[in-house]
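Take a look at the structure below.
Chain naming follows the written order as A, B, C, D and E, and within any one chain the residues start at number 1.
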């Protein structure tokens, strides 16, 4: 109970600190932007540790953060190898291909109204093919190694990017389009100079969702067959072995990788769509 | 093509918008011929169809009746031949481009070289008195400055036909006078055909060779006045008898257009 | 109507043709292998029909899938546990619960993030992190924990898993959408001294609608995927996810393909539904028809 | 009295005895109200029981012993399966004739706690499983035998009662296959046993309940052995997915009957010790680090089988 | 508070924008007192800080130096007391609301009853000559009509202080004259304090009790002219000697402001 009470006290105190920092000028600084989420995260961890110890939760159900940290420190090689296999080979490759394919498709759909009316409805169907149904098939087709994971990621990433890009390509204002028309701009010129820039806020929306999906996709696909390396492999195997500390160590790596990935996309977004009101708020 | 040849010819032009609560008759039976080198002003109460007519000429709106030719072609063909420079009623700058970038845009599209682009941007920025603002983004400029940037953008390339929708509405008298003069100079030097919407009677009279007075509900032309003023127009021509007479006729036309409401 | 149906049908036609070709190509390996094991050879003409009727095809040709679907849909009473309609409905129910929960969570979080700087700074990064955690790894734990909390019903953990996946697209889009009003629109309300909540209801919310609807399509698909994921470890008892699992586990790819297509059709219907709602909303908000 | 049983996998004839006991009213006769929870992929029964989601679970002994070392004190109270149904099924065309030919081949293995028997076998054969030359390349195989059919693996793990027949059904004749049963290789480990938590066993009331449960379950098993077709139909009725077929379940029941034959439910301690020995011999990375104590008890079966 | 009491008091006001390429000095050392019931026009070349000053008064921009009080409070406190009606330079209608809905917006926020809302919407629509357009959406209106709708929106509720940024820029002379008259009537009847940006010298002179002439780079006040014209102003006052004199003084001020550039 001491653990639990202490953790809750810590939570309240930290929240108060965060609220005051976020409200103050310090919250606007670079340090503040790192400090606040960090303190929040630490609070979550402290609360977690408190609950696990306070209630005596069994480590095979939910290990304490301290145990997870010990596992991370003990097995860097395994974690690194899994990371390379799943994130670098599986997720990134699939992400790049999926975004590329969605881009090409969005433009094809935009260019040819016939496709827009014919392909988009069907695209909706394909998009919602559940990964758990798809993954076994793609593993069957593309083998056990990262190629099949990349294929799963490709399919998962495709739809959110496509939907957002198609919405974005319609997002320019009438007057802006009319201007292009008066200059006799061709399709591609209007696309590159007006409609793509105007679509960027939407496109990045799609990309952000896609980054997280890419990671989930690559990991989940490994549940359906994999070599004996990879984050999904490790997670599914260790759950069976009740090595929950290792499972959470992998989850921590996934979270870290995902956040970095997401952060990178956000930075590019800020840079590309600096003009959008959401970036200037 | 020789000066004086018809450039814009509208015959029995009609345009009806279908809206949620019934059709809006924006243009009704509009007949107008604009010749090469004409400077035509459109004047009329708000909502009388000035913008709509200009949009039809630029093939941005499709008439629901009558015929409209530009240089003997359909407006759309003319558009594809890059016949138009259009200044919209609102500035309509692209927020992701600087002012210079916005002006460069049509130049890029029309394939001007980088050096040529830079040179032209410099020239038109100076013309609209925005020198030094090339690197600012649109939201960093005042309303009038944005409007001038959009004028600069339309002047940067050599369109045959310049369509300007209340370009000087947000400018003070002095700048406005100066830009009026500049516009006349440009027009005299290049022999462009200009369609110009304004709410200022003196401005219309000062600039135009032809003044079209319109009236709303349904939008139609009520008077077309050919100006007897010489091509060479110093600012003080505005005190001449002829000038005042034409202005009076325009004002009467306008008042008549409003008549049905008052 | 014709302009709508014709393109879909022709694209569908092209896909079917490609699909058949791919089926012949992919399934032929097995035919040749079998012939080799039997010590015989097959000609191309003999091979093609054999690719059309395998029990375990690498890629079943469309008619095989359609037949299986038909069997599942029309072959029995819709209340039978062998009926795809029945399992589809189970999944649909789970999806709707998760979707509703996801929208509520996503919108609520987005609102508090836009409203409170602390939330923006502290919760947003962790909302992102939550999505990098593979739900499939958590699903059994969610099940165990909800079990421990005395929730013995399978719907609840399923809805949680489904909501977990679907709230995120809503959150990301709504944050952007709620921040999309430009300075002038905001300034106007400031001059009225509108309260935060008025600014929200009268400006931010309507301005966010295009973003909201773009995200709903993604979210409903995510909710469906979440439900199906939730149907695997939660005992794999009913629902399309369970059918897929059993089809895959028992070497009955056709059952799996049929369930896969059933779920895609379900998804299609859900997306059309969302699209219709969007159309109605857009028209009411003054968008050009 | 309420009892919740957590199965290791989905509803199928592998668990026929329990379904029969329930449907035939054997549990009811003992005054028990038994809930049978089907399992699924990624659902670890030891985790469920540790979390209080079940009173008794069906688990393989290697996994149960491993869980015991992780702090979930599982105790075997009965062992309806006398022998192991696990085997490696290989394509003859890959040239594999004996375990000596495994070197440099790709083998499909189930993980999730099912890999222990395989790993200890390989270490006994002296084959590395990390993909290094001279060892074997291991694939984590999904739920089915596709890797074999697609020739992505030379051998895959199969159960005599299920996956093996999938290979045959797919159209590969037994003549084109080479199979290695773990029983025949002397590396068999005990499969589907009944496990409960040690601390709960201390409670005499719980003991009593388990006695009744095991008694009724074994009655179910023996009934199923004697009436395989009827048992298969009972399983089919209990399958809520509606995806199982009569053919499959009848055949599976036939094969299962061979594995339960000869067990009256009491654990063969010798077999259990063989399992422990096999697991301990896992070379550098043994499955369990030391021989377990108190991992099985005959207290329940002794009373149940009187 | 008595008429004639200071409403807006600016002392040594400064505002500098930090932009990508250096600071922009939008307001420099601005001193101005506006009394209750004053009608103040701001006139000056584009970019001289008229909009910025109005925005400071309405607490939409925060001065970087000097003091500014409104009714003896900070602008922000005054804003919270709903002291302002603001007409922006661009119409800024919400695209998802009809014209009537846009006008209803401030009324909803200020808690007027439904019936009262309907009645006021009707009245202001009539005032700006947009009767019958209540159900249209903004994009279905011409530019001038949109501008009038935004004026109607600001007039619908009874703000103490009306700030109008070039409200009549997009209107023709006739409507403009009419709206000028209406505005004067409203002002006379209600005793509101009005801040008004315009580019038209006659308009400024016709409407105001005080004319503020500004000059750019840095934005500052160069002249403040108190109008000797009576409160009662028929349209033909514009031909009076006093009127022409003031207009002349304003024009000179403007010209001087432009001087540095020409």
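Please note the rule applied: a contact is a pair of C-beta atoms (placed from the backbone, for glycine too) under 8 Å apart; a residue touches a chain by one contact, two chains touch by 3 or more.
Keep in mind it's a predicted model, so treat the numbers as computed, not measured.
The chains in contact with chain D as well as with chain E are C. Counting hops only between chains that touch, chain A reaches chain C in a minimum of 1. Seen from the Cα centre of chain E, the chain whose own Cα centre is farthest off is D.
Ranked by C-beta contact pairs, the top interface belongs to chains A-C. Put simply, the C-alpha centre of chain B and that of chain D have 85 angstrom between them. Put simply, the C-alpha centre of chain C and that of chain D have 35 angstrom between them.
For this pair, chain C with chain E, the centres built from the Cα atoms lie 53 Å apart. For the pair chain A and chain B, the distance between mean C-alpha positions equals 50 Å.
Residues of chain C found to touch two or more other chains are 58, 136-137, 140-141, 144-145, 148, 183, 232, 245, 248.
Annotation for chain E: residues 90, 137, 139 touch two or more other chains. Shared interface positions of chain D, i.e. residues touching 2 or more other chains, are given as 41-42, 44, 47, 51, 142-144, 150. Touching pairs of chains, sorted by label, consist of A-B, A-C, A-D, B-E, C-D, C-E. Residue ranges on chain B touching chain E, taken from their complex, read 17, 19-21, 24, 43-47, 50-52, 89-90, 129, 135-137, 140-145, 147-148, 165-166, 169-176, 199-201, 251, 254-255, 258, 261. Remark: chain C residues 184-185, 187-195, 198, 202-203, 206-207, 209, 285-288 touch chain E in the complex. Put simply, chain D touches chain A in their complex at residues 41-42, 44, 46-47, 50-51, 63, 66-67, 70-72, 111-115, 129-131, 137-144, 146-147, 150, 152.
Put simply, chain E touches chain C in their complex at residues 55, 58-60, 79-82, 84-86, 88, 90, 92, 94-98, 105-106, 108-110, 137-139, 163. Residues of chain A that touch chain D in their complex: 58-61, 136, 139-140, 143-144, 222-228, 233, 236-237, 239-243.
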